[in-house]
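Listed after this line are the structures, all set down as structure tokens.
There are two complexes below, and they share chain A, which is joined by chain B in the first and by chain C in the second.
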Partner chain A sequence: MNAFAFAARSLIRQPGRSALGILGIAAVGALLFDMLLLSRGLVVSFRDLLDRDGFDIRVTATDAGPIGGPRLPHASPIAAEVAALPEVADAVPILMSDAEASHPGGPPVAISLLGIDARSGRHPWTISSGHDLEDVAAGTSGELLVNQALAASLTAALGDEIAIRVRCGPGRAPLPPSTFRVVGVAEFPFDDAVQLSGVVRRARMAGACDADGRDEADMILVSSRQGGGPDAAVSAIRRRRPDVHAATNEQIVARLAVSRFTYFRQISTVLSTITLLFGFLLITVLLTVSVNQRLGEIAAVRALGFSRARVAADVLWQSALLVGIGGLLALPVGVVLSIWLDAILKTMPGIPIALHFFVFEPRSLLLHAVLLAVTAVLAAAYPIALVTTLPIATTLRNEVVS
Partner chain B sequence: MTPAEQPRLVEAVGLTRTFPMGAGPVHALRAVSMQIAAGDYLAIRGPSGCGKSTLLHILGCVDTPTGGTLIFDGQSVGALPDAERSAIRLRGIGFVFQRFFLLPMLTAAENIEVPQAEAGAGRRERRERTAELLEYVGLSHRATHRPSQLSGGEAQRVAIARALANRPRLLLADEPTGELDRATGDQIAALLDRVQHDGTAVVVVTHDAAIAARAARTLNMADGRLVGGDV
Partner chain C sequence: MRAATIAGLLAIALAAGSAFAGAIPADSIPTILVSRQLREAQGLAIGDIVSLSSDPTGAHPQPFRIAGSYEPMPNPMLLGASRHEVRLHLPDLMTLTSDETNPLASESVDAINVAVPAPTDAGALAQRLASRIPGLVVRSTSANDDRAAPFVVLERFHLAIAIVTVIASSIFLLALMLMLVDERRETVGILRLIGVRRRRILLHVLAEGVVVAAAGALFGIVLSVAFEGGINRFFQWRYDTSLVFVRITPAIALRSITFAVPLGVAATFASSWTLLRREMFLLIRR
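Our next item is the complex of A and B:
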């Protein structure tokens, strides 16, 4: 009978205690697993969102980014210059603003309005019904794509005319209404659950705001040419236009991971450490109690010729079995828990529907296994020290006396 | 060939064992010298606390003497590292305890298999040896029973079978009948007689004069010293 089978029998001998240990580790492991999913979940999910629209580079006026930073002036010639680079496949300026939308004569609703130069088929949205902006002749302008929430809010159907009053900047009063016709319903990846969104041609939107003809855009979405990659395209853009800021999706995510998403990683690290400490203490206490109750048996098998390494292996296997079985049970529990927690966190305002806080990655599973394995070894250390330093003769004598 | 004519299995010269205690050192053994021949049958008697069990533990390599030399099967074992002492215990020495110390999560057969597995015996070899030993101690019908399902006498017979599992040359029994009634104790003593008769040297620590009388030699101890008998 090898050490593994011996340890398994020892655990089966004390089913209640073993079950408590396994369930304890399952609970602790589930929390640990969730913390590992959380530690990089937002970063991975945000990266996925950025990649989903087909653009792998963002060009802005400064490194402050499109939200909160200054707008790019003369966006059209910049976009044309960028698009002409051999490393670049496409460059699309976009303008973002708040607005009010209503059926003519109806009550207005606040919306997020996107203005875009719709020259190519690459757009940061997905048409769910109707037509894309490209499907309408460029000269007719006044086309509007709405998201499902806005369509429902306005009870707007394809072909309906909607009056939109653009706010050209924070705190500014809305301009007089312009009429747009709904040509399609689209899904926007960055929309939150209650967000009302629409998209129109940037020229029409900028025309309403821009009396000085500054041709502004918040950002130019750029896709690199296949084979060259985004890094080469960013280098080419920086050489061509050193006055603008270009960054790959990866660089943007890395910057956010350090600046805005670091809280989740810190929370995850703290809670992971605490859960591992609980797991360590739980297993150490269980094994120590078990060893102390079996000192006579352990001394006897040592007297029969079991080596120190062998009795240590028995304890280590017991720890590994408790932590291993508990760790496996933790995975489905952790998945269910993460779905629940994700749903709770996503109810926060402004969180895009497609963004997730808990995202599975193979490395999370691997890290979960490694951390639990280390916990199993550390938790076994003290009981192993007890059994390997057990004075055989004294213990046998004490057992008889007791 | 009488035991005296057999080659020496164990030779102890000037064994001392001192336990450092708060109130001053306790001298459990004081210059004990003795020999055990192959196939010997030796009883060690004496009052409680006289050092019988300490001597047995040192002879069985589970404790180390403070002074003196101990030679087992031609090898000085007093200062060997733990791993080598464990190997000697595993293959050369069998232990029978007063409180049996069978592993409660294993069946009688599995308890007997454990030392064999530890010694590296193959599955088939273990099964055959276990069946042989269960028959030897008259418990073939109890092979699948756990210790909690055995009587005290049956448990001690399984313990003796376990001690013999790796065919040791020396069997050490510490008060093997201490927790048994007279009739059951006699059965265990008869079993030890048979073990010795079949060639294994047996050393029994006992308070029981009747058990001691079955041995070929008796050593009497008092205050850590051998005070009489057939040293």
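Our next item is the complex of A and C:
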């Protein structure tokens, strides 16, 4: 009988103990798997969200980012200059603001309003019903796209007229509302579960603020031309307009990864370490007690001619079987657990519906397997030392005497 | 004084600051406070003259003298962010950020902090003010605050992790107790042979379980308290903040004991019960 079969029978002989060991490993393995999914989940999910709208570069006034940072002045000529670069396929300025929307005469609701120029069919939303905003040639039209939540909140149907009062910024007197016509319902990737959003043409939104031709934008969304890639486009933009800040989606995600997303990476590291330590202790204790209870039996098989390497292999296989089966069971448990934990974290205000904290990547699975394998080997080290240094004659004598 | 994040609002031109030093008497230069992080990052010292501008390009800078340095209010929402901040006297900030095209700018502030003589009246006062001045958002700082929502969610997340950890620990404990009880198989058999009743043995085992579980829980709390300082110091260093990350309170310690001791006793009971149900002769058979 080979070492694997021998180890398997040893575990089957003590089904309760083995089952509990496997369950324990499954529980800590599930937590470990989830922490590995969490460690890069936000970064992967956020990058996916940024890439989803078809723009791979963001141009802003400073490196402070579009929210809370200063606006880009003279956005149209900057966007035109950027769009004219051979490395760039498209450049679309956007303006973001808070606003109040209401059916004429109805109570107002607070909304997030996006103003956008469109030079092509590329835009950061997906039409669910109705049609898209008309083209830029008629950019001052009063067409409005709303998300499902806003349509429901205003009980607005396609064709309805909605009064929108744009909050033009601190210190600016509130202006009379402008009327927009709902032409479509759209899904916006960055909306959270309760966010009420709408999008209009930027010129019309600026007009609603009586912007005196300021031509401001919070950000210019840029897509690079295929073949060149975003890095080449960013270099070209920086050469052409050194006064603005251009960053690829990859660079934005990298910056967020070391600033805003660090909390979850840290907690993932801490909990992964604890779960591994826990799994190591569990297996070490199980195997050590098991070996201690079978010292006589091990001494007997050694006396029958089993080598040190062979009894060590038996213990190692036992550890591998416990961790292997527990680790496999941990995967479905971990997936269910991650869905639960993700649902908890997504109740945080301001988290986009499409953003996930726990995201599966093949590397997480590989890392999970490697970490558990290392744990299995380390956990078996002490019991292996016990069986390989076992004094055969003394142990057998003690066994007979007792 | 009012805080402003340099990255968002003000451009700081430290080198240009020296140009003002000789031109304007030091006493007439308005003063600012700088955050410790900004002071360290830029190598600033108390008394230095710096120039600030509200223009992202640094245009139209105005000189300020650093009167002191402060530790920013710890804010979990700003974890990982560089707290490069300055505090200006409100009139200085309004002058610095004034918009000539907008006459209302010099009359506008983001918020007004109000202290009431009796804190218990804050809610009623907020309601009265809100009803008297339409369009004004008045909120008591003791009222339910939306800004706390992320931490409520994080607390739920940590509780969920704790539940999973407790389940894993319970399985570990049960496995351990099964093995320990199994080692006593013969002892229990002999006790049964000499006439000790199952109930008596079970009580003995339970008492032992209580002692072991209580000792384990206490050891866990001592370990947590021992790690508390180290964990806080590490994360405070990592994030350059004075935020407290771990705090072992008596309530948390009590909750841990409330969970751990019954779980330990239950594991002892479950593992012992399987042994005591066996026939006496099976227990002493080798």
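One rule holds in what follows: the second predicted complex is superposed on the first by the 389 of 402 C-alpha atoms of A that agree within 3 Å, B and C clash if a C-alpha of one lies under 4 Å from a C-alpha of the other, contacts with A are read in each partner's own complex, and residues count from 1 in each chain.
Just so it is clear, a contact is a pair of C-beta atoms (placed from the backbone, for glycine too) under 8 Å apart; a residue touches a chain by one contact, two chains touch by 3 or more.
Predicted model only: the values in this text are computed from it and were never measured.
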{"item": "Touching partner for A:180 - first (chain B), second (chain C), both, neither", "value": "neither"}
{"item": "Which of chain B and chain C A:10 touches, first, second, both or neither", "value": "first"}
{"item": "Contact breadth on chain A, by residue count: chain C or chain B", "value": "C"}
{"item": "Touched partner set for A:397, first chain B, second chain C, both or neither", "value": "first"}
{"item": "Touched partner set for A:2, first chain B, second chain C, both or neither", "value": "first"}
{"item": "Partner chain in contact with A:125 - chain B first, chain C second, else both or neither", "value": "neither"}
{"item": "Contacts of A:301 with chain B and chain C, given as first, second, both or neither", "value": "first"}
{"item": "Footprint overlap on chain A, where chain B in one structure and chain C in the other make contact", "value": "none"}
{"item": "For the chain A and chain B complex, residues of the former touching the latter", "value": "1-2, 6, 9-10, 12-13, 296-297, 299-310, 391-393, 396-397, 399-400"}
{"item": "Chain B residues touching chain A - in the complex, by the definition given at the top", "value": "53-54, 57, 60, 62-63, 82-83, 86-91, 93-95, 97-99, 101, 103-106, 110, 113-115, 117-119, 162-163, 166, 174-175, 178"}
{"item": "Touching residues on chain C, where the partner in the complex is chain A", "value": "5, 7-9, 56-57, 79-82, 99, 101-102, 104-105, 107-108, 110, 135, 146, 149-150, 153-154, 156-157, 160-161, 164-165, 167-169, 171-172, 174-176, 178-180, 182-183, 235, 238-239, 274"}
{"item": "Footprint of chain C on chain A - complex, ascending", "value": "16-17, 20-21, 23-24, 27-28, 30-31, 61-64, 68-70, 170-174, 212, 243, 258-263, 266, 271, 275, 278, 281-282, 285-286, 289-290, 293, 337, 340-341, 344-345, 347-349"}
